[in-house]
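Please find the structures below.
Both complexes shown next keep chain A, but they swap its partner, so chain B is in the first and chain C is in the second.
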Partner chain A sequence: MKFAIQINEGPYQHQAVDSAYQFAKAALDKGHEIFRVFFYHDGVNTATRLAVPPQDDRNLTKLWAELAEQHNLDMVVCVAAAQRRGMADEDEMKRNGKDANNIHPAFRISGLGQLIEAGIAADRLMVFGD
Partner chain B sequence: MSEIKKFMYVNRKAPYGTVYALESLEVVLIGAAFDQDVSLAFLDDGVFQIMKGQDTQGVGMKNFSPTYSALGDYDVTKLYVERESLEERGLTLDDLLPLKYEDEDDDWAEKDSIKLVSREELAGLMEDQDVLLNF
Partner chain C sequence: MATLHTVNKSPFEKNSLASCLSHLQSGYAVLLFEDGVYGALRGTTIATRVEDAVKSGRVYVLGEDFKARGLDEGKMIEGINVVDYAGFVDLATECDRVQSWL
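Up next, the complex of A and B:
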């Protein structure tokens, strides 16, 4: 089956990012396809490369980045949600005249159309959140 | 992408207090460009999102409720409101924004976008969807 995943809650604050990761990993292990992972609302904070969680805890950005690398996952961060929350890649940094950026290279910033497209293209859109 | 899917945006939360309602509306507006079969559901505290006379001056947030009136122009014309959620909150249809659209299949007659449905009917509508986006 072809899945798309939407994540609506922030990392560590809420289990949604963990549950989505475990779901994605299990689905891929079973030979299913993940069309796209779309980070929305506070979920966009998962994409920061600057988080330093305690060493004995999981690092959600790293876990997703490793999974993405292994399976060539398309991980999209919503641009509108990202702008509100101070998440920027180099292009967004320059476009908005900011002095820093923080997006991990495993993620890319794009628009909400990518979420709708994922809903159309996938057999199932799984929403993780409250 | 010629396939048309049934998308339902499920709004369960109050308009302010959290950002879900505002960012749900942003998805609806962008999603309208994809020519899918779109509907919105308002239930639980989500019914407060489309209440008349919202005034956010005291909380210093943007009142985005006027945007719901533009949904008809985006061909988003099916707004299902769960009757039980309204009743549980002491609200009636008169407390909601008079949201309308012009029906192109009926000589552009102005029609109500809001459809009151029972909890049971809404469950059935959800069952019919291809994609449910929960906010």
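Up next, the complex of A and C:
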């Protein structure tokens, strides 16, 4: 079965990013497909490559990036939510005249159309957040 | 035409579990996870409504989240089924759709 996953809350603040990760992992272990993971609202903060959580804590960006690499996941960050929170890839950095970028290469920035498409293409849309 | 309803809020913080229970239709399954697991405890102000939901349908609790909050399975409402994340995935596939009560 094809799943799409939407994450609305930020890492280390709410359980949503952890719950969604555990769900995605369990679904992939069972042989299901994840069509897309869409990071929305504060969920976009998961995509920073600059976070350095304590060594005895989980690194959610790394966990998602590793899962994405193993299973070729499409992980999309909402562009409007990202702009508000100072999250940018190289293109967004140049487009907005900024001097730095911070998106991990396992994630890509795109628009809400990607969430709608995921909702249509997947058999189930799982929403995690507040 | 079964719907899986997922509830992740404590019923003592938000009314999402109460709203969810008011919208159940035949063949439903309810999964309590994250802070929603507090809704699985006996003797609370919402327990009678959860017990009714157990009688006429299926109610599940995510075992990891229940244990993570130090809750005692002996205090869980009788008839609630404990699942892990693999069980969560199975529920989502068995039901025709999923409604997240955020």
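Convention: the second predicted complex is superposed on the first by the 130 of 130 C-alpha atoms of A that agree within 3 Å, B and C clash if a C-alpha of one lies under 4 Å from a C-alpha of the other, contacts with A are read in each partner's own complex, and residues count from 1 in each chain.
As a working rule, a contact is a pair of C-beta atoms (placed from the backbone, for glycine too) under 8 Å apart; a residue touches a chain by one contact, two chains touch by 3 or more.
In this text, all values refer to a predicted model and were calculated from it rather than measured experimentally.
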Chain B versus chain C as contact partner of A:Ala27, first or second or both or neither: second
Touched partner set for A:Phe35, first chain B, second chain C, both or neither: neither
Contacts of A:Phe107 with chain B and chain C, given as first, second, both or neither: neither
First, second, both or neither for A:Ser19, with chain B first and chain C second: second
Touched partner set for A:Leu115, first chain B, second chain C, both or neither: first
First (chain B), second (chain C), both or neither touched by A:Trp64: neither
Contacts of A:Ala80 with chain B and chain C, given as first, second, both or neither: first
Contact residues of chain A, present in both the chain B and the chain C interface: 8, 125, 127, 129
Chain C-facing residues of chain A, complex: 1, 3, 8, 15-16, 19, 22-23, 25-27, 29-30, 32, 123-130
Interfacial residue positions of chain C with respect to chain A in the complex: 8, 33-34, 64-65, 84-86, 88-90, 92-93, 97-98, 100, 102
In the complex, chain B residues that touch chain A: 1, 3, 5, 7, 19-20, 23, 26-27, 30-31, 33-34, 36, 130-135
Chain A to chain B touching residues, read off their complex: 6, 8, 40-41, 80-81, 84, 111-113, 115-117, 119-121, 125, 127, 129
